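Here the chain labels run A, B, C and D in written order, and each chain numbers its own residues starting at 1.
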């Protein structure tokens, strides 16, 4: 019987053969990512009284969640992380200026096909866009892995998602994923490895695949996966990952899937996740006209270069509606540089956007807090109650194009009307 | 050490293999932003976190939570972020077990790793009403509700050791000590 | 029963001394600015003397060096000092916005160059702002300076600018 | 009469005024930021009430927050927005820029006008030949909002004449910092400080700006540079606004004249704990810094970004330093993109932040842990303003800030290898 990607990746990481779904193994991850929560790992390590680490080169720390520090306490946590990285020789340390951990590690060639990557962030599923098995864990587990190099993993069942295209103008991978999450539900893929296949996925850029894999988390996935192809290898080349340093793992053609889901991109309209759950998804026209106070274009789901370019395309020649705040937070420093050099920053500024420093920004509580009764339209991946300020505020999720159109009109709007 | 071994009273009961008491019942898809809002993640102290557990749902519910021993929930409990404080705050609030139809996977991992009993038992969830007495016999693999007993798949031995040690870090430290002695 | 309109312009009480160039940021730290006065007053000047907010008594007198109350023009700093119930502030010199705010919120203050050399913490002082007189009862030293402008004294007696402006429509709103 | 006296006489309907007179004058512009606006609106609503007499003469600029980090901050901004809308007041929401730079760039400040605000640096508008003073919330709530008026005591004028040409590498900010050290904090309490002399006359507008800005640290009530061709040309570059009513001194009114030769001034650093604690940059060379920032009332100008870009050319920010760049206004940000400065500084390792007051008091950014140090173009360095009271803030010119960002220690740009 053929093997899924996850079976192969966990066999590689555990050194065991012929794993079957449900089996629990000790796996040795290739990289342990911890974001601003690293301070908790460091404190835990201190209390354990351990100072010998398994392999310091597998530690990656990125100060992305509260960047820059918002008070003396968080400044102290950042300082603790810097001091630790310096003392222990953590070379993959990225400070508050770098951007969102996932994006930073990928664009710098630190995530490679076939690898097992764990992170203190649930959206670590994103690493599947380069054919790695990425999954989120708690900070105790990261600390334990620093020390022992291993952690227990259950071999997941796999789900195959086929996306057919092309997508209609004004719809994007974000719309594909929101539709899919709406269809299968927030727990539709719990503990599963979600593999994306199909004609349209093959045409997607790595950035678009990142949006797919990132949002797979919102249907409960353990990890996500897009088969690495020439597109992925070219991305890795540019990111500086040596081709000899990794092995592409592909599922066997006769791999077993628990289920197969299909999204027909051709018939898709822009989708919106309505408060307060990500699987509460409707076509944009059903909520068009809802007043928004704030629009946030940011997060690891949709603040990559092409996301900013899409927003700029919609915003060009338009201005943000009076009374609406448009916050744009580029996902990384490299994305900011590209956007500054090719006119995207200018276009956004002229439209009235507030461009912040790269990082998680408002998605993780650095700014963008709302007062009672306010509404944000966001390109992020969560719309849970109270995530951005008041428990009595609302978050709608959609693509950068829908976000930009809604900023221009001051109400949730179908971007297809502006792109026509 | 006090921050690592979460809530000693819950552990004492664990040793006997049975935990439980009054249940508080939730629906499906309870997410981590509701369990412990992101703004409080600057703490890892169970007691401090417990003050803010379920804050978005209001003070009345929070009071009931603190007076309860078992969280009973529908599908996909703990969906959302990987924040370990989602289970730590429940321990701080005096919760000794969570019985749900299903868990999000990161929450499930975090529960084991912080020493919180988390069992999937849909039949028991069907039978529970708010405020009922729920006992989880963790060794026997049963949940008892009002005289009725429901089975659940016992933890794999590897995970059970972690849980019984009070979580992953205490488990590692026990191992290290044993190693030193040996 | 008598009604006192505005603050008493004479004060007699124990003195608390502070140095030169104290900014309003340190009277009321930024993080407390938006808090209710009951919270602010529990932290006033705590950075410079943690005992002050805990032990200050109504009628006590604050004595400072040069340029007291510099930096931000926030009146909240003066309101916080007033809320402690102190009788008045005497300083070698005041920052201008602090001085102005003091009269506007009704806290008596007296500018007396050299005063910081005349006092030690805990000395009992008697100050009459309207007369411009100062006496350190512990040392017997006395000083007299020109009192504040008549307009400022009128403001103090009215209880501050807002009550004064309501009364003196001839000044601020002659049209009505 | 001098410029200030003429403006106060006109606005209070008098033929003439003299130092010491108390006058009630018509106010042309009241400016408030998110914090002072909130405090003032509460006093107004609770203790005064009623309509705002001239809402078109009131502007609120959200600059301490560029994006609220907490629900409490969001509540404050929402209350401010609603209060501004209810009273018909002009609002410049988050991201437009620093309060003083924004109202100037939008053409709201005119020569000869009376400008008041709670921000202590409000006197900076004397750079345009306005009479500008910082008043407390109660003045605004009690008289400016309900009646359009405020009381003023006419200040004595002290004329500060600057002569000489500083050495290359010494910028206007260095001279301004140095002057605070020379005159001393609180050295000119209550004065109207006129900046004059050949050095000042030769400065372009945005460099002149730095002098009235510092007068608050001298204890002055207001400060000004007599309007001249430089002022006129600058005002012509602004969007049209209310009429200009420039006033000029008749000459010889100053109670005192202070004369300084700036010919030997080296680049300066103001050290903790106060703005008047000055030293030559060379005396501090080697002091480690973890943060560097271009921003604040005194920074975030195009001139600062150009100076930094020049220093950073062919160099990179030290890995241990976070170098934050905060434009003073949306206009400056847009122009910086156009000039390629955004890309140049970003690629050298700086991080751009939204137009605002940046790390001023650490509302959105700039919080430091105990023992950390920042060097910046900001206007203030009191302990506890930016996170821990055990953190250190050094103030300097953009060149010094950029050079220090490169080496990770306080560095004179002229000494960079």
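We take it that a residue touches a chain if its C-beta (ideal position, glycine included) is under 8 Å from a C-beta of that chain, and two chains touch if they have at least 3 such contacts.
If you want to know which protein each chain is, UniProt gives these names: A, D = 3-isopropylmalate dehydratase large subunit; C = 3-isopropylmalate dehydratase small subunit.
The shown structure was predicted, so the numbers you read here are calculated from the model rather than taken from an experiment.
Peer 1: Once the contact rule is applied, which chains count as partners of both chain B and chain C?
Peer 2: none
Peer 1: Please report how many Å separate the Cα centroid of chain A from that of chain D, as a whole number.
Peer 2: Spacing between the chain centres: roughly 41 Å.
Peer 1: Centre to centre, by mean C-alpha position, how many angstrom separate chain A and chain B?
Peer 2: 28
Peer 1: Taking the mean of the C-alpha atoms as each chain's centre, how many Å separate chain B from chain D?
Peer 2: For chain B versus chain D, the centre distance works out to 54 Å.
Peer 1: Mind pulling the residue numbers of chain D that touch at least two other chains?
Peer 2: 70, 362
Peer 1: Could you say which residues in chain A touch two or more other chains, in rising order?
Peer 2: Correct list: 74, 365.
Peer 1: Give me the residues of chain C that touch two or more other chains.
Peer 2: Counting only residues that touch two or more other chains, chain C contributes none.
Peer 1: For the protein chains shown, what form does their contact graph take: line, ring, star, complete or other?
Peer 2: line
Peer 1: Could you list each pair of chains that touch, in label order?
Peer 2: Chains touch in the following pairs: A-B, A-D, C-D.
Peer 1: In their complex, what parts of chain A are in touch with chain D?
Peer 2: Chain A residues touching chain D: 68-72, 74-76, 78-79, 82, 95-97, 323, 325, 327, 333, 336-337, 340-341, 345-346, 349-350, 353-358, 361-362, 365-372, 374, 389-390.
Peer 1: Would you pull the chain A residues touching chain B in the complex into a rising list?
Peer 2: Going by the criterion above, the answer is residues 24, 37, 40, 43-44, 47-48, 50, 73-74, 77, 119-122, 124, 136-141, 143-144, 147-148, 152, 185-187, 190-191, 220, 222, 277, 279, 364-365, 382, 384-387, 391.
Peer 1: Chain A touches which residues of chain D in the complex?
Peer 2: Result: residues 66-71, 73-75, 77-78, 81, 93-95, 290, 320, 322-324, 330, 333-334, 337-338, 342-343, 346-347, 349, 351-354, 362, 364-372, 387-388, 391 of chain D touch chain A.
Peer 1: Inside the complex, what are the residues of chain D that reach chain C?
Peer 2: 22, 24, 35-36, 38-39, 43, 47-48, 72, 76, 118-120, 122, 134-139, 141-143, 146-147, 149, 151, 153, 185-186, 189-190, 216-217, 219-221, 274, 276, 361-363, 380, 382-385, 389
Peer 1: Which residues of chain B touch chain A in the complex?
Peer 2: Where chain B meets chain A, its residues are 1, 3-4, 28-29, 31-34, 37-39, 41-42, 44, 55-56, 75-76, 79-84, 102-106, 109-110, 113-114, 156, 158-159, 167-169, 172-173, 176.
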